[in-house]
Structure formats: C-alpha cells, structure tokens
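Labels A, B and C are assigned to the chains in the order they are written; within every chain, residues are numbered from 1.
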C-alpha cells in the first residue's frame, strides 16, 4: 500500500490523525561532511493505532524518535500533535527509551509514581495509580524493590509503567526491547499488545526487529537506509485481539516475508556502507 | 568445600596480623624491662595502656573530643556547602570549567596547609584558624568529584527528565544530584579524611583545641606513656572515622 | 583510590582533548580575566584600609619581598636544609615502601595479614608522631627526616603493593612457561610492569614528604624553610610571609611537575 492510498483511507474514514509527520527533513552538519539522516518523511498515526517504524541500523530511526519526542529541535518540516506543531517535548507524548532508564536510587513504585509527583498529584492517589500500572505490566509484589534487584526485562517494564502512569495520548517507544532476549521480548510484546488494546493507546514503536513489528502493529512504516525515507507503508491485517501465538500463523509469515524483501535491500546497503567505512580505515 | 573451613581460611591472615602487632608489643615490653631499649625514649607498653586510663580520667578527654569534633563538624559541613555548589557551577558552565578545573586539580595537590601561619595572623590562635585551614584543604576533592559525578550522569536519565519537561532546578535535584551521589560521596570521603588530618594536625601545630593539643601538652610535660597513649588514641579515632566513611561509600555504590 | 591518594586529573577524564584552538584561546582569556580580576580586587582591598594592618598587603610589596628573599643567601641556606630533608625522607621512605609493597603485593597471604594495617594507618594525622621522632632522633634534621620517611612510606608501599597485584597474571604465566629464573622474572617481567605504579607512588610520596618536613620545621626547628616561615610570622612581616609561601608553593608545584615528567606519570 502506498503512502497516497493510506492517506486516502484515513480521509475516507473521517477520523483525524493524532500524530502527523509532515515532510520532516534533518541534516547533521554542513557542506561536504554533512549527513542527511531523514529525507522528507511523511506519515500519520490515527488514534488508538499501533504503528511501527522499521528500518536497518543507521537509517535514522533514533533521530526520528528524538524529533517526534521533542528532544531534537532543529529540523525542517512539521510534527503535528492534534494539529498543533510541537515545540519541545509535548505533554501528550510519553517516551520509552532504548537504554536502561529507571532511576537507580528510587524503588519501583517511586519510579513509576515520578511523573505524578511532578504533576503535584497527592500521595495516596499517586500510589494508587502507580500500583495500577505496576499490576498492568505484571510486576505486582515488586513495588518496594530497588531496580538493581530486578532483571533487565523487569526494569524495562518499570520504565514502561512509569511512562503509562501519566496517561499519555501517544506512546512513543525507541527499540525498548532491544537489550532483551527473544523469549522475554515475545512475552513483553504480549503485555504491550494487551495494554494497548485495553487502553486503546496510540502507539508509535521504532524498531529494527521485523517479527516484533508484525506481531504488535496495525501498520508498519518501512524506512530506507540513510538518508531515511518512507519506502512503504504496510497494513497489517492480522486479527485483534492478538497474542504471541500469531507468530506461528501463515499470514504472519507472509507479512514478514513481504517486508523483509524491502528491508533486506536497505539492510544490505547499510552493511556495504559500514564495511567500506572499515576498509577505508583512516578518518575521512 | 564446607563453609566453616573456608571461613577459617579467611580468618587466618587476620589473626596473623593481629598477633604480630601484639607480639611486637610483648617483645618491646620484654626488651625494655631487661634494659636493651632505653626506657627514657620508649615507654613500657603496659605503662602506655595505664596512661590511657589516666588520660581519659584526668585530661578531660571527652571535653577535648568535643572541641575537635566541633571543629570537624563545622569544617565538614562548610566543605560540602561550598564544594557541591561550586562543583555544580563548573558542571553547568563549560567555558568556566575548562578554564578553572586545572587550577582546582593543582589545589588538590598543593601543600595548602603550609599557609596556616597566614590564618594565624588573620584569626589568631582560635578554632576559626583550624576550621578555615581545614576547609581550604578539603575543598578541592569535593569540587572535582561533584563536577565529575554530574558530567557522568547517563544521558538517558537526562533525556527522561527532558521528556517530562522538568525545570532546570527539578532536573538538578531530582535526577542529576541523586544520579551523581555515589561519585560525590567518594569526593566527600576523601575530603573529610583530609579535614580530619588537617584539624588534628593544626591543633597540634598551634597548640590549640582538643585532641591535637592534648598530644602537645603531654609531650611538653615529658609524660612519655601519656604522649604515646594519646597518639595511639588519636590514631585509633581517625582510623575508626575513615572506616565508617568507607562503609557508607560502599553502601551508596550499589545504587547503580 | 588510595586513602591518601590524589584525585585523578579531571580534565583528562572529561574530554578536554576535544578542545579546539579557538576554544583554547577563550579558555586562556577567561583565565587571564579571573587572574587579573582577583589581582585588582586584592590590590583594592589592600589599599582600602578595611582590614587590620597588613593582612592583605599590596601586591607590589609582596613582589618586592619575593625578590628580596630570592636574592638572599639565607633563603638558599634554608632551602638547602629543607631540600636535603625531603630528599632523605623520600629515599628512606620509598626504599622501605617499595620493599614492603613488593612483599605485600606478591604474597597474597602476607598481604591479607598486614596490608590492612598500612591501608588504614595511611590516612591519619601522622604529624602527631613528631614528639616521638624528637625523642628518638633529637631536635635536628634527623627527626624531620624520620617523620617525612614515615609519611611517604605509606604512600609508596600502597602504590607498590597495588602495582604488584595488578601485574597481568598472563604475563607471569608466560614467564613461567619459558622457565624464567626468579631473577629473570623480577627484571624482565615484574620490573617493567611495576615501573608506572612505583614511580607514581614516589611522585605522590614527594608531595607528602614535602608537606611533612615543612610542617615539622614550623613546629620545632632552627633551620629550613618551615623555620624561616615561622620567623617571618613572628616578625609579623606579612608581605614576606605571603612571598615565602608563594615561593614554597611554586617550588613544590614545579617539583611535582618535574617528577611527573621524569617518571612519566601525571597529576
């Protein structure tokens, strides 16, 4: 499905997109040494939708994440949330980072309640809401533990709970499961799907993991290798509600194969690039 | 391997060390009694132990400890009140940091305590001199470690703060400072160690205050067992202080 | 970090290397600005009469006194005495320190038994041992050398022991696999591997010995720079007091720098 058709479908359904990426362009540096990370990307995310952006390493995905999250200010084009151009981190966006981001000096429940602390919510309500989301991510009983006592997967769940507790309208995640093993990833994927369905949470997931993207998403935006452009947008018409069992279905396999065909071309270009950089040896 | 024997294994060196120390004192006692070592230069260890009791009773040891403790507490608090903010400023302003940090490092290595006669002139023979001198000696490590700790905060934690739109002050006291605390405390440990050495040392040099002065007094009275006893006592106190600081630093470390 | 240890050079670990040339220039300008700003405040304070007498003497009088000191034979006589004390302290303290450090570092058992004593006795106010040293060695330079040696012994011993333990176990096994004799092991493997930590320990020991000898001189002495400081203090000759202190700090700093260059270690 092309970009044009996708937009037409959105228009036809009459719903307004919650998040609009409009012609975003980002270049690092100037002149001969400059690198174009994102080359005029455009796509939408509708309310309640789960969209993944997938691309090979080095394609500019993290740059896109930082721009949408408002952490990167200098770019051309627009990022619109509820038709408002963003300026800095938008309060409707909750970000989950790739790296370990729990506060090591706070226990689980104090970590999760942190955004509510900032909003001035009173203590008992803070703890109530924090408990709710700790349960939601399956960490009931671990509230008083310090992050150092938890596994990597559990800590990532704490980060997710912490982001969800402030009920962001848009959940923005950058390869949150990258550091986890496959089984943990599949099970956490289940959790995320379940949460997203329960809360009807609009989600934008940046990932390099193909099976993860197909498992979790309603639509997948395939990025080219640097400079990053939208290569294709694929509708994932797998049934909802979904579980990790879906990975064994035929339809799943078809989607993966279809997207891999696109992705492989870009990944190959990426590999060739890094190989020649290594062979080239000395600094440019 | 059964655990009792493993524990035995680890205890043996400790026992060896302790018994060597005791053994040395016993040998010394013997050598002194038979006249091989001059009794007017080295007192009998047994007499030193007796002197300790005498000192505690007669020399108002607790009053003296209070004096020294007062100077210590004021210096230790001042050194944090001054050092952490200065270190934070250097973290904040890169140009200032690049200009000044080398100077601070030089200060950390310099024999600053030699300047005590200057402060004697300014403040007279008073606890203020001891405190000012000790604060100057202990300032540099805290400044350096505060800056280092703040610079070492993982970028993702800062990004979490930015994504939650924290104000500068919120970012500083809710994320930066707690994240940097283990490093800052190792600076505090180093600094407070210097402060202790400086406080007792200056007390000794200018003959004022608490424990340092005690040693001075006793040595001027040619009270040999007393002098040795007092020196031993002060050394034990400072070793205990250092051990406590170490314990606290290790306790802070696991917050990784 | 050693108990009496130094704080590692912060600029080295904080990406100073990325400084470009224009940034270097602005750094130097800031430094010059701070330096001159402080100098002007000092001079203003000195002339204002706000502070008691000569507590903040004019920079010019300090400068004049520095010249006077540096051109007086008395200064050099005292400098010689102090220098000799420091040198002797360092030699004795390092010698003993290296020997003990090697033993404690090489033998795990002995290290476990005795090194804690060295480690925990290091960060103590060792100047309070001075009365004992006086009783043992008299009031002359010997007592100061003894105290200085005691001070830098700890620093060198701990650096050496640490260095011994750090010697790459692999290198030791390589030596053994070639059936090297103990002498060969010592000279061809341990010595080169130990060079850096031992020399660094000696450089740190120099700092400790310097402070200790000078402080001891201020307490009880009739020679040396420390003695000179107290004489000037007794005369209430403030410009000279500042002057001599500045000279002593410069000498100590330069000594540290030279030792750093010579031994290949840095602050």
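Assume a residue touches a chain if its C-beta (ideal position, glycine included) is under 8 Å from a C-beta of that chain, and two chains touch if they have at least 3 such contacts.
All figures in this text were calculated on a predicted structure; none of them were measured in a lab.
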Chain centroid nearest the full-protein CA centroid: B
Considering only mean CA positions as chain centres, point out the chain farthest from chain B. A
How far is the middle of chain B from the middle of chain C, if each middle is the mean of its Cα atoms, in Å? 18
With chain centres defined as C-alpha means, what is the inter-centre distance between chain A and chain C in Å? 55
Just give me the whole-number Å value for how far the CA centre of chain A lies from that of chain B. 50
Could you pull out the residues of chain A that touch at least 2 other chains? none
Touching chain B in the complex, chain C uses residues 1, 3-7, 9-11, 13-14, 16, 19, 23, 26-28, 30-31, 34, 55, 109-114, 116-117, 120-121, 123-132, 134-136, 207, 210-211, 214-215, 218-219, 226, 229-230, 232-233, 236, 238, 241-242, 245, 248-249, 252-253, 256, 267
Applying the document's contact rule, which stretches of chain B touch chain A when the two form their complex? 154, 156-157, 159-160, 162-166, 170, 174-175, 178-179, 181, 254-256
Tell me, which parts of chain B touch chain C in their complex? 10, 12-14, 16-17, 20-21, 41-42, 95-106, 108-111, 113-118, 120-122, 140-141, 144-145, 147-148, 151, 186-187, 190, 193, 196-198, 200-201, 204-205, 212, 215-216, 219, 224, 227-228, 231, 234-235, 238-239, 242-243
Under the touch definition given earlier, write down the residues of chain A that touch chain B in their complex. 69-71, 88-89, 91, 93-95, 97-101, 103-106, 114-115, 118, 146, 148
